[in-house]
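To keep things simple, chains are lettered A, B, C and D as they appear, and every chain counts its residues starting from 1.
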């Protein structure tokens, strides 16, 4: 019966294996974010400095962890929301998604960079550009897949096109703001993403 | 036939992708726990100190590894048990689960902290608070999802509400005890979780 | 239609989520094994020692990586073979599997230990005991699940019980041999597992 | 109803669990590639050297990250394309796939090696040989599975055999070229893989 259902091979790449890879990579990249929080040296106890002071000084790093995790979750939801309208994949769509994953896997590095050099404009520029590029690629993914109903279901219409992409658009603007702030007030650039919570929560976009 | 089954997109976020992310993150976070056990320096053999003495001194770290792994497994089971009654998800439920995962991914860090500074009250407080917060969030998840049968199946009733949550309640109390012990006798706080085995085993709650 | 299929919640823990966790943990633990191979210091090139000599000296570590990967693959197959006969799970079976995973996640640590201290009896004893315990637990898992057809399909019979467990039995004996060799000739203990290839290949047990 | 569908156990190993392990291992190995990019020391800021100069000097490492990620993605697609024609698995096919995964998990190590010792012939030889072996094993996997229609669907024919394997063949040649270049001009060997983009893109092979 199992065999009768699949009498022949499927000629096309299927969406669900791309999604399995995507889910796996997101799960790992999100879990690796924690490695960007420094662990105190074991010699700390010998030097007499109390641990709670050390951890208090690390509040920035905990914020960056939470922020990066939140950003990754938003991307995961954006990707998932888009994929619900997609019926099939093609050559360009496949590689576009691999490109997205390449930048997603870079986030733990960017996050470590900004966690160690929070006051440096370059570290902030690097992190926020990484985030901006992912947001941009998801936006391109949406445009590409929905144009002429290329990869989407038949009942896809213009209103879905507009509303379905608001999450990406807001993200693009917020991360562009974060890039600009990186060059002016690097230490505060990361707080831009708090705007996401306000925007998304208001209309329950995600 | 594949296509005829899915003539159109699904308008709502589905539970099973959240569960795929959850399973992935739990699997990784549980595997990363092992990194909190220190590896002896390769120079150890030169210094003449035998390896078996080194490992014997690390018994605490092995206990913390086993305990953290056990705690994570309990959370995974609690989450899984809850999800069996859930029919659908919504905006708040989704974000609540992402918040849970954010604290789950922090456990390898907390575990390393308590593994390196087992006698320190702050390290123990940090670890046990992390655990307490996850237990609390799972408890909120249960209340939120079952209230007015918001996200659960129709045949869900009050008796399930009461019995289905005992696992979380016990966990909340035990981790609250562990927090208090962290402030009084930090080195022994971690042993509170042995109570879980007794409670859970007695009535086969999990 | 999706909903009509699931009119109510499933009262019991299902096997496939345990398997999802198992597959995830095996995939990660197997991938982490590579971390036990030392990377040469970047200063190596400055010191004039050529890289190919360094890598040649590491042949042992590459063998241990390949051996550990092979052992993990064998366990994954044993677990998978057992699960094909299982229809359901219960309280004890669930926790037995979590215990198995706890020792599976310890393998990257044990592997690093034996990779760094290959000549030490303790490192070899640790690694081989870790392997032995997993083999033993899988053996117990088989006995427990099949006794009185507790968790297996109705058409399960005695001949399957005998043949289905040969893989575990051979593994138990080979890892017991490796433990003994760890105490006598530690450097050679790891080669015991080459016997597995001979035994398994002969009758295509796995 | 769930039970009536599966009245008895499946006597054979199923393809989809091998694929689940494969997807998991690829996802993790691809995410771990990022660890081969060096993080600047936190003392960098004290030494006065600006971060942007440090990152600029690391351009090579970013290229190697992107290249390795791309290579892994190509392998993942090759493996996936092959598996679409496969109906079942057998003893040899299973172990061949585990051997493939063993070399896939080695890529983060090879990638770190070439990332740290980009000018060294040995580091490049190691990385490119690793890649070549995976390409070769996928090629063997294809020959083995399709010969006498051993593991494939009935409607598999000679034209699929030829076209379905072009991706592997091109990869084999390109990585062989990279091996030769490793011995002559090690620093440039990695650029061979840019040829893949040209070849694959032209006929949309992957």
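Note that in this section contacts are C-beta pairs under 8 Å (C-beta built on N, C-alpha and C of every residue); 3 or more make two chains touch, one makes a residue touch a chain.
These numbers come from a predicted model, not from an experiment.
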Legend entry - Most distant chain from subunit B by Cα centroid: D
Inset, instruction - Have a look at where subunit C meets subunit D and say same if over half of the interface residue numbers show up on both copies, different if under half do. - result: different
Legend entry - Relative orientation of copies subunit A and subunit B, as a Cα rotation angle in degrees, nearest 5: 90
Inset, instruction - Round to the nearest whole Å and give the separation of the Cα centres of subunit A and subunit D. - result: 24
Legend entry - Where subunit B and subunit D are represented by their mean Cα positions, the distance between them in whole Å: 34
Legend entry - subunit B, residues touching no fewer than two other chains: 20, 24, 27-28
Legend entry - Residues on subunit B engaged by subunit A in the complex (per definition of touch): 3, 6-11, 13, 17, 20-21, 24-25, 27-29, 32, 91, 94, 98, 101-102, 105-106, 108-109, 112-113, 116-117, 120, 122-123, 126
Legend entry - Interface residues, subunit D side, partner subunit A - complex: 19-20, 23-24, 26-28, 30-31, 33-34, 37, 39-40, 42, 44-45, 50-52, 55, 65-66, 69-70, 73, 76-77, 80-81, 84-85, 87, 152-156, 204, 206
